[in-house]
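In the part that follows, the structures are each spelled out as structure tokens.
You will see two complexes here that share subunit A, one where it goes with subunit B and one where it goes with subunit C.
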Partner chain A sequence: MNKAYLGIDIGSISTKGVIIDENNNILASSYIWTLADPVNAVKKLLKNLKQDIPKNYTVVSVGTTGSARRLIGIMTGANVIKNEITAHAIGTLSKYKDVKTIFEIGGQDSKIILINDGIVTDYAMNTLCAAGTGAFLSSQAKRLNIDVKDFGKMALNSKNPTKIAARCTVFAESDLVHKAQIGHKKEDIVAGICESVVNNYLNNVAKGKKITPPIVFQGGVSKNIGVVKAFEKITKEKIITDDNGHLMGALGVAILAKKEKEEIFDFDILNLDFETKGYECKKCPNHCEIIAIKKNKKIVDAWGNRCEKGSLI
Partner chain B sequence: MENKIISFPHMGDYCYFIKPFLENITNMEVRISPPITKKTIEIGSKYSPDSICLPFKYNLGNYIEALEDGASILFQFGGGCRYGNYAPLQKTILKDLGYNFELYEFIKNGKFSFKHIYETIRKINPELTKGKLLKEIITIFIKIMLFDRSEHYTRKKVAKDNDNFKKIKYKFINDLKDKTNIFKIVHTYFSYMRKYQKVRCKKPKLKIGIIGELFTSMEPFSTFNLEDELKNFDISIKRFTDVSYLLIYKNIFHKITKYRARKYIKYHLGADATENVYRTLKLKRKKYDGIIHTKPFGCTPEVGIMPILSRISNEENIPIMFLSFDTENESVGIKTRLEAFIDMLSMRKEKEIEKRNE
Partner chain C sequence: MIIGIPRSLFYYKYGTLIKTFFNELGIDYVISNPSNKKILEDGKTLAPSESCMNLKLFLGHVKDLENKCNFLFIPRFESVNKGEKLCTNFYLLPDLVRNIFEEHIIDFNVNVNKGKTMKSAFIELGLYLGFSYNKTVNAYKKALETDKKVKNNLLLKQTNTLNNSNKKILIVGHSYNIYDEMIGKPIINTLEENNFSIIYADICDEKEKNDELSSSIYFTYNKELIRAINYYKEYVDGIIIISAFPCGPDSIVNDLIIRKTKDIPIINLIIDEVSSNTGILTRLESFMDIINKESAYGK
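The block that comes next holds the complex of A and B.
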């Protein structure tokens, strides 16, 4: 029996999973929408992966990353639970050994990771504001009545991109409405949005960071060819994108799981009954939000409390 | 005369020392305002101007809770930035809300002045003599200085069980707070330091310096217990900002600080910003692995030094993470960034050790 390792990256918008062998080759992968229900998304993901995994492989270690990493980590009994920045860096380095800069734009966050000599030397992540992320792009696509998938291609048709304020989502949106109303062409506006995402990213997240090639661009937004071209136009560098770009976080955490203690992972958790419950502790005026996770009606973990009063375990 | 109750806003553990100090100089009842909770910051931000800095909102929340609790005399401390203008604005807001109270400032125009404090307290307690006030000020200074020293020690060490330090700390505060005899205070300090030294420690994984705005570095609630989080990762912490620095060391070293950081700054930058530039250089010299810079969202002096710190970070090759805090109540985002920062520092350190061994 050959050993395999499972990595799950569960983000705000999409859930990604990969199974790799000992040489980091991807054996199976799956990419589905989270739909604000991480528990069921992971169940569905595991079902897909179970079908794809070759018969002679057994999963011996599990890693989780992404914003729901802790919840899913407990659910799957993960051996390693890592933040998405480290996971992305490690995943990307396994494929591109001499990468120096990683751009990552996801559903609700965007980050830049700088790498030197194969280690992360600096990173930044957007704070306080979700301007210029995937969520902004998809809401604007809906407003313009375009399928997100065609968004990038449409932007390529534009010869004269409309200038759209890049500072903040709210300003960008009102700017966009205004530009549409005074008669700018749809494809110009679409190209303008792509450029505004890039400008926003470079002015906020990547501010003061030295961008050196090779640059790898990842995250859901990297699938949008319009944004990729806008990046190339503005940074004047070649931007590398990867068909598996969206899987890098999951790949990274699977690689990290390799170093951990091995125990055979059972796909049977599909049949277990998981339930999560969030409530406010009323034992003091702080009202901590407590999350309890139940496996077969029994509390297996709970967090969110700031003192012992709210402890459930 | 009706029975008036004094209260003041929270910052870290200092309330335990301020309470007996105010009691002794005013001969009135002093009540510590209810501990900071999410409710405090909720009501604080409800009645504050939206774009005001975070400490203002916390202070205002404390005041409202204290007033509801029966307080009728409030104290504000004041400092060198917008902090110096908190008192008049808070007074207006609270009066508009219909509360009946008096508000006094301890520090006027950002300067600590004995005369000003004496005149202020005389308004409340006409029996106060200069000698008495001087004695009380010296006592509280010594208490705070010794307490801060013990805190420096525990921050630097990583205990095998983190609760051990905390348990001793609260006993220490309890023993120390009501002591008036200076010899006894010093004695208490040394006996507790021996207790601290007996706590079993392990080797810290990393060394991180915390710099930044004073309130967010001193009030753990405002940064989701940043220091405790770091301690859970076995990290030794150095933090310069504490009350003894603000009251004593800052005034002594302020001018030299600018000179020491002359490569990067030409003028003073307001509040603790000049110091923070110097501290960055110092932490690098002392071979710290990384720096965390905390500030309330929109803190002008600290925002002003961010580009300078970025430049130092590039030139001196020391990672700095900038964290802004506001009234949000979800700590997950901070935790993710912190975890990634620590991962990065550990990887850098491993690489350095590898290089050295080659």
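The block that comes next holds the complex of A and C.
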């Protein structure tokens, strides 16, 4: 029996999972929508992975990352629960060991990670605003009645991208409507949106950061060829994308899981009944938001309380 | 007679001074509870739109004092050093509170640029409350002494921390942010749980302050913080700037700090009213990984 390691990256929009062997080769992977239901997303993900994992491999360690990492970590009994930035860096470094800059644009987050000698030295994330992320692209695609998957290809047809305000989604949207109404071509508008994503990223998230090649671009938005080309045009650097770019966080956390204590992972958690509950503790004016996770009707973990009064375990 | 003091903004700067002054004169006072969700929620409904989080919290603290006191102590600080200024919020507090609450407010105005010093404000306050000039002056002297003692103790404690073997993080932020239960405390607790020692930029020996970066800044509190960075930089492993959203002075000065501070990991955490702390935790965990370098990679 060969050893395998499972990494799950559960983001706001999509849930990614990989199973790797001891040499970091991907044995199975899955990419599905989270649909604001992390528990069921993970169940579905595990079901897909279970079907694809070669018969002679057994998962012996699990890692989780992404914004629901803690919840899913408890659910899967993960050995390591890691933040997205470190996970993405480790995953990317395993494939591109010389990488110096990682651009990452996901569903609601965008980040830049700077790496020197294989170690993260600096990073930045979008602060309070999710402008110029995947959520922005998909809502604009809907407005233009284009499938978000065709968005990038359409942008490539444009010879004269329309200038669109880059700062805020709401303003960008009214600007876009205005540009459409005065007669700009659809592909020019689409290309304009791609450039506005890049300008927003470089002026906000990457502001003041020294961008050194090699640059790897990942996250869901890296699948959009229009945005990739806009990045190349504006930074005047070669942008590396990877077919598995969306899996780098999951890959990174699977690699981290390799270093942990081994314990055979049972895919049967698929059949267990998990239920989560969030509520405000009213026992003092702090009103802590408490999250409890139940396995077969029994509370297995709870957090969010600042004091003993809110403790459920 | 009981005087109510909101545990917000000026309290974190001049709390010892004010409390000792009242203690010396034998005046009863009550301080609002440490910030909590209810205080923030109350503040949000009372504050004018577009207010900063600190102003919202402040009004929540005033609300917390309702029916607990006869007078509110809401000072107006316009400038505390010659040629410098405080944020506008600090000098509109009495007007704002007077417009929203029924409670009586005790006047207290400090504006060094117009000759109104801290001392003259405290003496006016003592006289207004019916105490003799001598008694008031003595109370103020005692308050100054105690304030100095407290600050020296903090400095001594911090000097000891500088010499311990833990990894150290310099926290740069206004005292009303970093010591607030809703803003800085959760961040500092997380860092301490992960065995980092905290160095506070607002605790710094006057002699060690370095004006290289700050000569043209006229916001007193930002100036104080930025002067401490140059001194502490070589002793710490990373710098975290904490701001509440939105903050005019911070938005200018934090950018300056980040651009001018090289060769050390630095991040800027902006706290807003969003109740979920997932975003802050992710940023904090990543930052701790950067400082812990290899160990974070399981090497």
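By our rule, the second predicted complex is superposed on the first by the 313 of 313 C-alpha atoms of A that agree within 3 Å, B and C clash if a C-alpha of one lies under 4 Å from a C-alpha of the other, contacts with A are read in each partner's own complex, and residues count from 1 in each chain.
We take it that a residue touches a chain if its C-beta (ideal position, glycine included) is under 8 Å from a C-beta of that chain, and two chains touch if they have at least 3 such contacts.
Just so we're clear, the structure is a prediction, and the values are computed from it rather than from any experiment.
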Simultaneous placement of subunit C and subunit B on subunit A, clash or fit: clash
Contacts of A:D117 with subunit B and subunit C, given as first, second, both or neither: first
Partner chain(s) touched by A:I85 [first = subunit B, second = subunit C, both, neither]: both
Touched partner set for A:K210, first subunit B, second subunit C, both or neither: first
Contacts of A:M125 with subunit B and subunit C, given as first, second, both or neither: both
Which of subunit B and subunit C A:K259 touches, first, second, both or neither: second
Partner chain in contact with A:N286 - subunit B first, subunit C second, else both or neither: both
Segment of subunit B that clashes with subunit C, given the candidates 8-16, 170-178 or 188-196: 8-16
Subunit B and subunit C contact sites that coincide on subunit A, given as residue numbers: 67, 82-86, 119-123, 125, 127-128, 208, 284-289, 306
Residue numbers on subunit B that touch subunit A, as the complex places them: 34, 37-40, 225, 297, 307, 310, 313-314, 319, 323-324, 326, 328-329, 332-333, 336-337, 339-341, 343-344, 347-348, 350-351
Interface residues, subunit A side, partner subunit B - complex: 67, 82-86, 117, 119-123, 125, 127-128, 208, 210, 284-289, 306
Subunit C partner contacts - residues on subunit A that touch it in the complex: 67, 80, 82-86, 90, 119-125, 127-128, 208, 256, 259-260, 284-289, 306
Subunit C - residues contacting subunit A, complex: 33, 36-39, 181, 186, 245, 255, 258-259, 265, 267, 270, 272, 274-276, 278-279, 281-283, 285-286, 289-290, 293-294, 296-298
